[in-house]
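This is the structure I have questions about; it appears just below.
In order of appearance the chains are A, B, C, D, E, F and G, and numbering begins at 1 in each one.
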Amino acid sequence: MKTPELVASSWPHIHSGNSVQNMMLTLIIALLPAVVAAFLVFGLDTLKVVIIAMASAIFWDAVLQKLFKKSLTVYDLSAAAYGLVFAMLLPVTIPWWIIVLGTLVMMLLGKHVYGGLGCNPFNGVLIAYVALLLSYPGHMGNWPMPTSDMMMTQYPPLVELKENGPFLLEDAFPVKDLFLGTNLITGSIGEISKLALLLGGLFLIVRKKISWIIPASFLFGLTGFATIFWLIDPNTYASPIFHLLAGGSLLAAFFLATDWPTSPVTKYGMVFFGLMCGVMTMVIRSWSQWAEGAYFAVFIVSMITPYFDKIRPKVFGARFTSKRPVRL
Amino acid sequence: MGPVLTAIVTVGAMGMLASLILGVAAKVFYVYVDPRIGQVGDLLPGANCGGCGYAGCTDLAAAIVQGNAPANGCKAASPEVAANIATLLGISVEAGERQVAQIFCRGDAAHAERKFIYKGIKDCRAAQLVSGGDKACTYGCLGLGTCVEACMFNALHMGANGLPEVNTDLCTGCGNCVKICPRHIPRLIPISQMAATYCSSHDIGKVVKEICEVGCIGCGLCKKVCPEKAIELDKFLSVVDPTKCNGCGKCFEKCPTGVIQAVVLTSKSLKMAA
Amino acid sequence: MRAGRLRGGLVLSYPTNGLASPFEDVASPSTAVVPLQQDQGGACAPKVKKNDDVLVGQMIGESQNLHGASIHAPISGKVTEIIKTFQSISGQTVPAVVIESDGQAQWIDNPAESDPLVALQLAGIVDYDRQTIPLADKLEQARTRNVNSLIVNALDIEPILSSRGRLLQEQPAKIATGIDAIKKILNVTQVFITVDENAFQSVSSIQSALGGSTHILPLCNKYPQAVDYMLVKYVTHVEIPCADGVCIPDVGAVVVDVESLAAVGRKKPVVERFLTVTNSKGHVKNIRVTIGTPIRTVLDHCGITPDKGGKILAGGPMSGMAVASPDLPVTKDLVGIHVQSQREVVAPADATCIKCGLCVEVCPMRLMPFMISGFSEKGMYAEAQHYDISACIECGCCEYLCPVKIPMVQFIKFGKKQISDQRSGA
Amino acid sequence: MQEYLLMIVAAMFINNIVLIRFMGNCPVVGVTSSVDSALGMGAAVVFVTTMAGTTCWIIQKTILEVLGIEYLQTLVFILVIATLVQFVEILMQKVAPPLYRALGIFLPLITTNCMVFGVSVLNIKEEHSFMETLVFSMASAVGFAIVLLFMAGLRERMDSAGRVPKLLQGVPITLITAGMMGLSFAGLMGLD
Amino acid sequence: MSLREIIQMVLVLTIVAAVCAGGLAAVKMVTMEQIEYQQIKFIKEPALKKILTDYDNDPISDRIQLVTGKDARGRDVSTTFFLAKKGSQLVSLAFESTGSGYGGPIGVMIAIAPEDDVVQGIAVTTQSETPGLGTKIIDDPSFSAQFADKPLSANFSLSAAGGQIQAITGATVSSTGVSNAVNRGIELYQAVKPELDL
Amino acid sequence: MAARIVNEFTKGFWKEIAPLRFALGICPALAVSTKVESALGMGFAVVFVLCMSNVLVSAVRNIVPDKVRIAVFISIIATGVVIVELVMQAYFYPLFLVLGIWIPLIVVNCVVLGRAEAFARKNPVLLSLSDGLGMGLGFTLSLVVISSIREILGDGTWLGMMVLPEAYPGFGFLLRPPGAFVIFGLVLGIMNVISARLENKTA
Amino acid sequence: MSRERSELGEVVSLQGRTARVKMKRSSQCSSCSCAGLCSPFGKEWMVLTAMNDVGAAIGQKVRIRYNVEGEVKASFILYIIPMIALLIGAGVGTCIGLFNNPDFSAVVVGLSFMTISFLLIKKYAAWKYDREKTYHPMITEILSDHEK
């Protein structure tokens, strides 16, 4: 029998070269500035948490791929990337076994039970974060003190706001320090330097890995809501600048709300999704028992993603109404 | 006795009220449903395979009761089930013979040519859309196993040579594989059929010879040699008539490509056929 | 007059020397295999028998009505065989006529035909949009709808191709004649020429030949803007739905490509094609080739040897069809040849969509490709229809960008096929 | 006013009837992934739950408590609910035949769902006033409808673009997804 | 659907419902006392344990019920008295009284030594006050300690109302509820004391 | 006959175990599976109600008109439930406090009504009893399996006894409602794996 | 684009331009785990009145199509509006506190509001939906008795 010489497949026969690996690598690179910023503040512990999170995520990913009889695809870097994002939400004091447990939950419930990357309706990072927050609130809220002597406050800005109200926030957390992550402001690894997050986020946008719409509308929704309530009652509600720069606003806007599988893909869907995340963040920060609402907000709103995606543009030609010839 | 009486009277009254409302509702929404539909439905396998041509088992049950379908309308049910249904409805069941699927192509990788190397969706129906499928023979099996996926009874599996194989023990003759195959390779035959031409090609012999070593070239030797006149040629393809063929095997020897062969059944069904 | 901008779609890089490379003639073949169906109309009835002698331009396959285009002998010589089951490039089984050349290349004199549309039909002129359609069929549809504008599609189907742009430079007179002819047939008053901005200058001679109401619309390179629907949108700013019951002439315009126009202008039966032959190493040649020539001969002429395990594409790399064998002949539905080496062959992946949304962003029809492809994969055809699978023009932009390389176009084609099968079955 | 608002938020989200109180799971698991039928069914459930909640409350206050036979609550309520749905069906047909015609399929789907009964009992157990009963029943049912709707959306997506392992398809993955939805609602804890 | 069928339906359902109800009423009567005992045991006993001292019987078994008034509809309302004995000697007597608090009624168990008419102690049994605020009436032992070992003649009103009881800061309503309950209990005790046949 | 009785009894433990096999009665399985103790209490309550309702439904199966049969069945079931409620209050009060509203909710547990409708309505008393007992115990088994996983992994205890090392910190997530859903879903998946294995072996 | 759903049924009687068609409850019921238990007297069939423009005869199997969007809208009118009326009524009743008993007052006013809403819906439905064909189920196809 003659062996066939040519290959045939359906078109297109060329490809942009874009790949999951490429997207995940970009995500990891985008987060590196934030890791460096945290490293400068908390020291080697930062690297410990980051490395344990990434390594254990890869480990669980591989184990679960074996268990679910899938081909091994850890080299697509998705586990590493999600492990890194997960590390961003943790305080550096977190014991190693909680990280390992968290990445297991993340990989199992946030990926493999749904059939792998992209099929999950919820972001595994957020699943793991909330599960741990409910199980080990003490460890998850064990905020490290950057250095012992010049300590200004023991709490991260939002916890301070929750505990003591908006008074003196401006003295304790000057805008410049909030933005740069300087001067002993504590928080989880990814909440330290807003400058680093902004750089990373813009990098993702410029490389066209995420759309600018979600972060923009997220931050717009958040600051808009914060402004309204701050104008109404500045004694109860903190300033919009504070809310924009404190806690995980930017982390959530650039790195969690834009998570590919769980965020909408249509333009208007993205706008509404982002706005709703922003508003929900403020609702949770203002009135629930939690100090930080951005992560919860993304988690909750991603439930509605399928509906946001129903706000799709009218298909080409759908507006066509009359068969009358157009005058040219 | 007071509290007991209170309870009896109150709840009894409520029961009465409830049953009155239910009664009125039953009257308002009254639809006569033949109770036998439910009974027949209970007897059917409930796999909802669709092999009978109805939307589901309940629909077939209704059709059987109304006489629109025979008692053995369910392809997936055993003859006992059909008999039970027939007794329930007091009708007779024509002893239609059990049918099983066979794969009417023997052109595996070693014997049949391919036009090109196919890359794409692992589905024969989709592969058919790429330059007409990679098999050089336009009638041959593409071997991507869409029929295997479609069989709800696990009766098909992909053989080592890249052609599907039928486990006739498990095959119920539902015909799903027949319907889904883009090249109509699986076809149903009566389980008693002794011989079959395992090819689907209507190409002329010259074309077949060029691309496949095991295709029917339509030479008609089998037709000539058959003592029972059980073989006809249909556009260069020999077709065995199961009602005439007695399995003498004369044609097997004559066939130049060996494509006309004895039907081999899996052990259990062999016994059933005997 | 300002043209609209294509929303979505791709800016693909392409070799820029295509427009500067003049057509070369590929030598006529000694044996020509001519399939008797080369367009979307029905198969033609064979008009010759084995051992008949034929002249160039002699009708060998006759279409029955305006929905087909007749087929002519591309070379003179003897009919050596009539193949009943010839597998064409698209995998269809059609009859074909094999002609052995006598080396004379002698043309036949066909009688004149008075009805212009029938003349086009008899001359076998086809128009290429996403498919090859008999030009007569297209114009007939336009004539019944009171069309007032002719849109000349001088854009190449894909940026990598350059034959239409080159034709504009080399045969402006023929094209102008063709345009004139069609203006008369349809009684249209305005002509719009959509052209690649790089081939812009060459249009001026046509414009001056045609006079007053001829507008030129230069467009930047963006795939898939050469599709009729898109061109109509640039010119009329109206989007025509890809739906039953509506067609482009409903808005008063008809789109015809320059190669058809040049053929009309030549006033002879179609026996040759103007093609761009490229490979992915930047090799570009524009050629004129006789229909029935094996692709292998064309490639030999251009100095390209296909790899084992590579691909030969009929058309460009975005929307071309993979050719099963280099021995297949050039037909009227060939607009270009692109050769890929084994290394460049992209294998689609069996992976799941990560919902990155790149496909949604790029789709020029504003569809949700990952949804319709997913629905097709799962056999959920009703849902696929609800998400307008039928509007997909199969341009492939979605799949080009997809990071997990889902074979979306194949899934979509598959879904459409299942839907139409269900329709015709039920 | 504020206490009703809090009650609504609590019943709809914080103590969501499906995700936190574990009632009405069967329809959430069983109903198809069709978003349209989730909407229709959700509306019908709101109606039936509210009607059942208020009717049971009235019967509890006017009959059971007056006669001192509260212990028969379970028996009486279940009879009342079963009958009520039939009654409502008749009523609907009389009130708006064309409308009823268009959607009669949803109503009877829900009689035996434990949520309708559970809400009725909870109203009594938590000593709600009539107004509270009304608000609580309705808000709980809306909470149910929201879960149903979100679940339908997520399942539609899983069906179209997902690859849930065969062994987890159907009920298992729906339950796990419900768990994830419940987890996200933890974010609303303390909203008062 | 014939009339006969409907009548049959009505009959069957009525009978089934009535029989079920009758059966349940019977079960209820059989278990009633035990249920009451259990409820008392698990709800009242913790409170009783807190306030009763120095006894050796089971006050829950040794309880008596007396009609102590009429409700709005004119029906009898009865109160249960738990008797704590040492040997055969009645050392104290406990019963429940209610006052209205911030979130609903507050039940208060009061123990009184009948011999010298001294309040031995009080304990809250049921309440639905705001956690962390009104619930201090339970959580803050110093609040209920104010009532212990005081003669019946003492003024158990809040200091704001001229009594001896210091209210819990921020939870005046709850405090008043408890104090009212105690006052009402003492009234009741004094009213029924003759009947108690001590 | 005896073989059938045994068969109807044993099918409830694997082949038709509810709610694992059929999505019936999910709600209580989720609600009372935090602790093994309450799972057992609930399970036994269901066993009682199932047996009683199956026996009574089977006994009256020939005299109840079709149109009111469901109303009659739920009356019978409700009676069983109230009996359980009263008895539990009288003799197992702490358990009653734990299970709370879930005792009356047995009345709408799809398993109970499902068996009445699918089995007892069509079968004689003895078979129905056997079916009810089997299904009820199977239901209990499901509950115990789920609650064991939750209690052991969530708390480190089983039936209140410490079974994991003292240092085990517990995983509180599993004890909360979302954990119930997740464990239930995963157990169903594992069941599917096991039965697929078994099927392969027999095939 | 409006979404449609189609189901199979059987004509049981004819009334002018409409036909009464018996059909299985819904394909949705097939996936319901409590299938069949929902209805206290076990109705598995329902009867719809559908426009019979294709001229189906009694006993014939037909395909019925209905508009899902109409269905969703109808369910809101029919189910949600009375509930809102009840809620408002009960709210008003509680506030005005007839007979010095807020609960009693809420019951009375609430129920009257709901009754009024039913009457209004009845008027509205008669006015609007009888005319608008899209809300009517339509027989679209007669499936011959033997096939399907």
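Assorted remarks:
In this section, a residue touches a chain if its C-beta (ideal position, glycine included) is under 8 Å from a C-beta of that chain, and two chains touch if they have at least 3 such contacts.
All values derive from a computational prediction rather than experimental measurement.
The chain with its C-alpha centre at the largest distance from the centre of chain E is C.
Chain centres here are means of the Cα atoms, and by that rule the chain farthest away from chain D is C.
The chain occupying the central position, as judged from C-alpha centroids, is D. Comparing chain pairs B-D and D-G by the number of C-beta pairs in contact, the larger count belongs to D-G. Computed centre separation for the pair chain E/chain G is 52 angstrom, with centres defined by C-alpha atoms. If you average the Cα atoms of chain E and of chain F, the two centres end up 37 Å apart.
The distance from the centre of chain C to the centre of chain F, each centre being the mean of the chain's C-alpha atoms, comes to 67 Å.
The multi-chain contact residues of chain E, meaning those touching 2 or more other chains, are 1, 9, 12-13, 16-17, 20-21, 24-25, 28. Across the assembly, chain A contributes residues 4-10, 109, 113, 115-116, 118-119, 131, 134, 309 that each touch 2 or more other chains.
Annotation for chain C: residues 309, 321-325, 345, 347-348, 352-353, 355, 370, 388, 407, 410, 413 touch two or more other chains. Within the complex, the chain D residues that touch chain E are 69, 71-72, 75, 79, 127. On the side of chain C, the complex with chain B involves touching residues 84-85, 87, 89-93, 309, 321-325, 345, 347-348, 350, 377, 407, 410-411, 413-414, 417-418.
Per the touch definition, chain B reaches chain D in the complex via residues 3, 6-7, 10-11, 14-15, 17-18, 21-22, 24-25, 28-29. Within the complex formed with chain F, the chain E residues making contact are 1, 5, 8-9, 12-13, 16-17, 20, 23-24, 27-28, 31, 34-35, 38-39, 41-42.
Those residues of chain D lying in contact with chain A across their complex are 150, 153-154, 156-158, 161-165, 168, 173, 176-177, 179-181, 183-192.
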